[in-house]
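Presented sequentially are two complexes of chain A, the first with chain B as partner and the second with chain C.
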Partner chain A sequence: MTMISPAVQLKRLVTLVRTEVLVLPSRVIVAMFVLALLGLPLVSQNPYLIRVIILTSVFAILAASWDLLSGFTGQMNFGHALFFGMGAYTSALLNIHFAIPPWGSVPMGALAAVLTGLIVGIPCLRLRGTYLALTTMAFPIILMGIVFALPDLTGGELGISGLQRLSNSLVGNYYIYVVTMLVLSAVMWKITDSHTGIIFHAIREDELAVRASGINTTRYKLMAFCLSGFFAGISGGMYAHYMRIAGPSTLEVSMSFSVVIWAVFGGLATIYGPIAAVFVLFPFLEFVRFWPEYRTMIFAVVVLLILLYMPEGIVHWARDKMEKECPRCKIRNVATRKSCRVCTALLD
Partner chain B sequence: MTVPFLEVEGLTKSFGGLRAVNDVKFRMEQKEVLGLIGPNGAGKTTLLRLLTGILKPDSGSVRFKGKELVGHKLWDIVNMGVACTFQNMRPFRRLPIIANVMVSCLSPRSMGRGEWVKVVEAKAMDALEFAGISDMALEKASTLSQGDLKRLEVARAVATDPELLLLDEPFGGLSPAETELMAKSIRRLHKGGRFGRLHSEGPAMIIVEHKLQQLMKIVDRIVVLNFGTLLAEGTPEEVVNNPRVIEAYLGQQGGQ
Partner chain C sequence: MNILITGLITGSMLALLAIGFSLIFGVARIVNIAHTAFYMIAAYTIYFLSAKLGVSPFWAMLIAVAVVVALGLLAYRFLIDPIREHEAAVLIATIALAMIMQEAMLLIFTGDYLTVSALIQGFFVVGGVKVFHQQVLTFVVVLIILAALWLLLMKTNLGLAIRSTAEDREVANLMGMNESRLAMITMAISVALAGLTGAVIVPLAVVSPFMWMEPLIIMMAVVVLGGLGSIKGSFVAAYILGFTEALVVFLIPKGAFLKGSVALSIMILVLLLRPEGLFGVSFEEER
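Moving on, here comes the complex of A and B:
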């Protein structure tokens, strides 16, 4: 194998950026978003701002993991807080009682959430629609009952406090959370972009037809539960280690519903939609904090308006404004172009 | 003693008080094309659904190359080499057509056969080529016409490399020209051979159909069902001239 000189490599990279990233506004926005997140501490180290973005990152992972399960395979999970709380409590218990450092306890919490995914997934295999939604909603409530029943172990209503942080420096923590969020989002997006993702999509459309194509849908549905549980478990563990407390609030019904609101607001079955939604809604909720009595109402009105006028979610809406799909080759183009950048067919 | 290719014995299925399929028994040879006809509500679709495991029979057995199919899951049966199409087409409407077929190509059976095909996309494309809808590969399935949806159903079934193909009304709702095209594809598939990277050994087929004229040209043998029971069996000529079949379709002649 011949070595490629750094100059040539750089040139290739520049070409790649020019031909693949700069051609589409949506990709430019994603690139700018990533660069802005990574560069923020160089500009401002305001602890409040950093804290908001760290929490936003945690919830972005959570919302994307819900989308991986419910947006893609169509199994509406209204109890996603179960995975979040399971990850939070498991890593908290391991950190406090067994003195396992955060980089060990967070993955263990994620594994516990995967196991929970299996336990919840198996009874849910036969359920659909409303029944599935109600059943999944019950599980976090059950876990909350267990938490309150064992106050010596779980701290009851007070939760488990005094956890170690992942890093003790402000900027260190920021980078750990933001980079983890970016990497996990990329992994989730890659999963949904693969052949497995096609099968997930197909299961949502028509499960019987997928079975008739010779695919073991049980296995794929369980896989979706476990994958989703894994990512949600990581976000739960990281949340607990950042807040330094794992409390029953992680299991609340409102937590499960926030996830659904974020995902629907952003656009289902996209992965990047829910992430974008969390990055819009969560800071927005912080922003209207100066008007506390109307906070929730403003939030509700905004969500309602968006759902009324952009039923497919903000991401689809924004993308359709900026880009057009080529009628022939289905490749996306900037809305200002007259002809497709690949097949030169006329865009109308 | 040779093992029969497909052997159905005493197959019975009731829905409440209605015996949809009652003690049906027939055999089928390898490479044979079997027509399954009968008046509306005779239990033809139910019989196909029993064969593929979508429905569980109350009693009876289905042996495919000596292996019992009853009790297996639908996807296991498909991976054993029995593929089916749906009468009321069930495409993945919001997915591109190529993705519809790729799901079949991702089944363990399809992935394990034809070592030279490692690229799922290419194989799916060849299945579409065979069915004659490859030029619309990137369109969403929801934009397809009735006839093209039927073709998509066939492409999806063919992509699993079946040895026995169960077609439920492949000509249903098609115009005469489309019917002609579909009949041609079915004959071509039965002959076997290579369609691009897709290799067909010429699967045996069971075809449920109401358009008897077209069906007669394709099938070797016909099985007639009426009220869930086997009414007649034989070559197309025998069946058409069988008085019991005529009676089932047209009713008894008055005054006799």
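Moving on, here comes the complex of A and C:
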């Protein structure tokens, strides 16, 4: 094997960036977004700003994990708070009672969420469409009832407080959360881009046809439940360790609803859509805290109005405005181009 | 005895809500999360008219139903109808709608718990338990409403149109039924049912901006348990879950926390055995 000199590698990277990233506005935006997130602490270390972005990252993972399950396989899950709360409570209990550091308790919380994904997934696989949506909504409420009924273990309404943080420094915490979010998002995006992801997508479009092609759809749906539970569990555990408390609010119906709102608002079956939506909506919600009594109202009105004009979600809408697809080779181009950048066919 | 009364009242309330919800789902395939929010609006309108303006409770209830129907139609026309092809978007729109209503009520009436006085006072004693006249009245009114609804659906042309659209939208459309007008009418009926539920239950319940959350969940459980689109199913399932809740609250310590959990667990158990609910017909897969 021959070594490639660093200079050649660098040149290849530059070519890659120039030919694959800079040609499409959506990719430029993503690249700039990642760079801005990573560079932010160098510019400002405002604790409030950092806090908002950390929470945004946590919820971005959650929203993307919902998209992985519901957006891609079409298994509408209205009880995503179950995974979130399960991750939060498990890692909190492990951290408090067994003194397991966050590095261990968050993954264990995620595993617990995977387990609940299995337990919930198996009965739910027999249900379809609206039945499934309404049934999944029940699970976090059942768990919440159990939490309230066992106040000695779970702290009842007050929750479990006094958890360790992942890192004690402000910037350290910031990088842990932001980098985790970026890595997990990339992993999720890769999953949906893989063979498995294509099967997920196909299940949503036409389950019968997928089954007729000799694919065990039940197994793939269960896998989607587990994968989604894993990522949601991580975000739940990280949320608990950042807020230093795991309370029943993580299981509320409004939590499940927020996840659905974020994902649909961003655009289903994209992974980056829900993330973009969280990064738009969550800071926006923080921004309108100047009028606390109108906050939820403004949020709801904005969501409603945007949905009226972009029912497919903001990401699809923005992409269609900035780019168009080549009719011949299906590669995306900037909207300003007259001909396709690959096959030079005329764009209409 | 207490269990019986609470069960009957809760069951009746759930039956009315669930039937309204499953009607609009059946005809227009709209999952209306804001359904119970309309019920909350009705409760508040009655409170406002009877306690603040001194309107007699009976008229207050009628006006409340009219207000709710008007609101429901406006919401349908301007918010839901334009995005009806996008199922997920409709879902979010109704969630947002419910949130807006909750916040509006929170702003106007603050978050305090309010009560409305009963239509008729007094009680009688059966088996050592007080039974308020209002409770009897509520139950009887619910039965009358359900009977009227049954007549409407089974004996009139409109009812036939609604049922056939629920069964097969395309064929109903081909048979010359105006699908979008029918959806509008069904929305009105469905919302009116929510309003009526609010009207009959308000003297027995506490009025607060968050009162829509809890019945929403149980109502959905009822609808799923009974089978989507089946009126009879919703009726039976409503009483099953109503009595379960009452039993859990009265017989198990800390039952008030667990009532939702037990009711929902029953729903899940039944679904494991019959994925299409108790009375649901398994639809031909829609593709």
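Going forward, the second predicted complex is superposed on the first by the 348 of 348 C-alpha atoms of A that agree within 3 Å, B and C clash if a C-alpha of one lies under 4 Å from a C-alpha of the other, contacts with A are read in each partner's own complex, and residues count from 1 in each chain.
FYI, a residue touches a chain if its C-beta (ideal position, glycine included) is under 8 Å from a C-beta of that chain, and two chains touch if they have at least 3 such contacts.
Quantities reported herein were computed from a predicted structural model and do not represent experimental measurements.
Using the contact criterion defined above for the overlaid structures, shared-chain residue A:312 touches chain C, although it does not reach chain B. Taking chain A as the reference chain, the count of touched residues is higher for C when chain B and chain C are set side by side. Contact with both chain B and chain C is seen for A:208 once the two complexes are overlaid on the shared chain.
Of the two partner chains placed by the overlay, only chain C lies in contact with A:304; chain B stays clear of it.
Within the superposed three-chain model, A:99 lies out of touch with both chain B and chain C [touch as defined at top]. Of the two partner chains, chain C is the only one touched by A:296; chain B is not.
In the superposition on chain A, contact of A:10 is made with neither chain B nor chain C.
Contacts of A:330 after superposition on the shared chain: chain B is touched, whereas chain C is not.
Of the two partner chains placed by the overlay, neither chain B nor chain C lies in contact with A:343. On chain A, the patch touched by chain B and the patch touched by chain C overlap at residues 206, 208.
For chain A in complex with chain C, the touching residues are 76, 123, 126-128, 130-131, 133-135, 137-139, 141-146, 148-149, 206, 208, 253, 257, 260-261, 264-265, 268, 293-294, 296-297, 299-301, 303-304, 307-308, 311-312. By the touch criterion stated above, chain C contacts chain A in their complex at residues 25, 31, 33, 79, 82-83, 85-86, 88-89, 91-93, 95-97, 99-100, 102-104, 106-107, 213, 216-217, 220-221, 223-224, 228, 254, 257-262, 264-265, 267-268, 271-272, 275-277, 285, 287.
By the touch criterion given at the top, residues 195, 198-199, 201-202, 205-206, 208-217, 329-330 of chain A touch chain B in their complex. The residues of chain B lying in touch with chain A in their complex are 52, 54, 73-75, 78-79, 83-84, 86, 90-96, 99-100, 102-104, 106-110, 120, 138, 156-157, 159-160.
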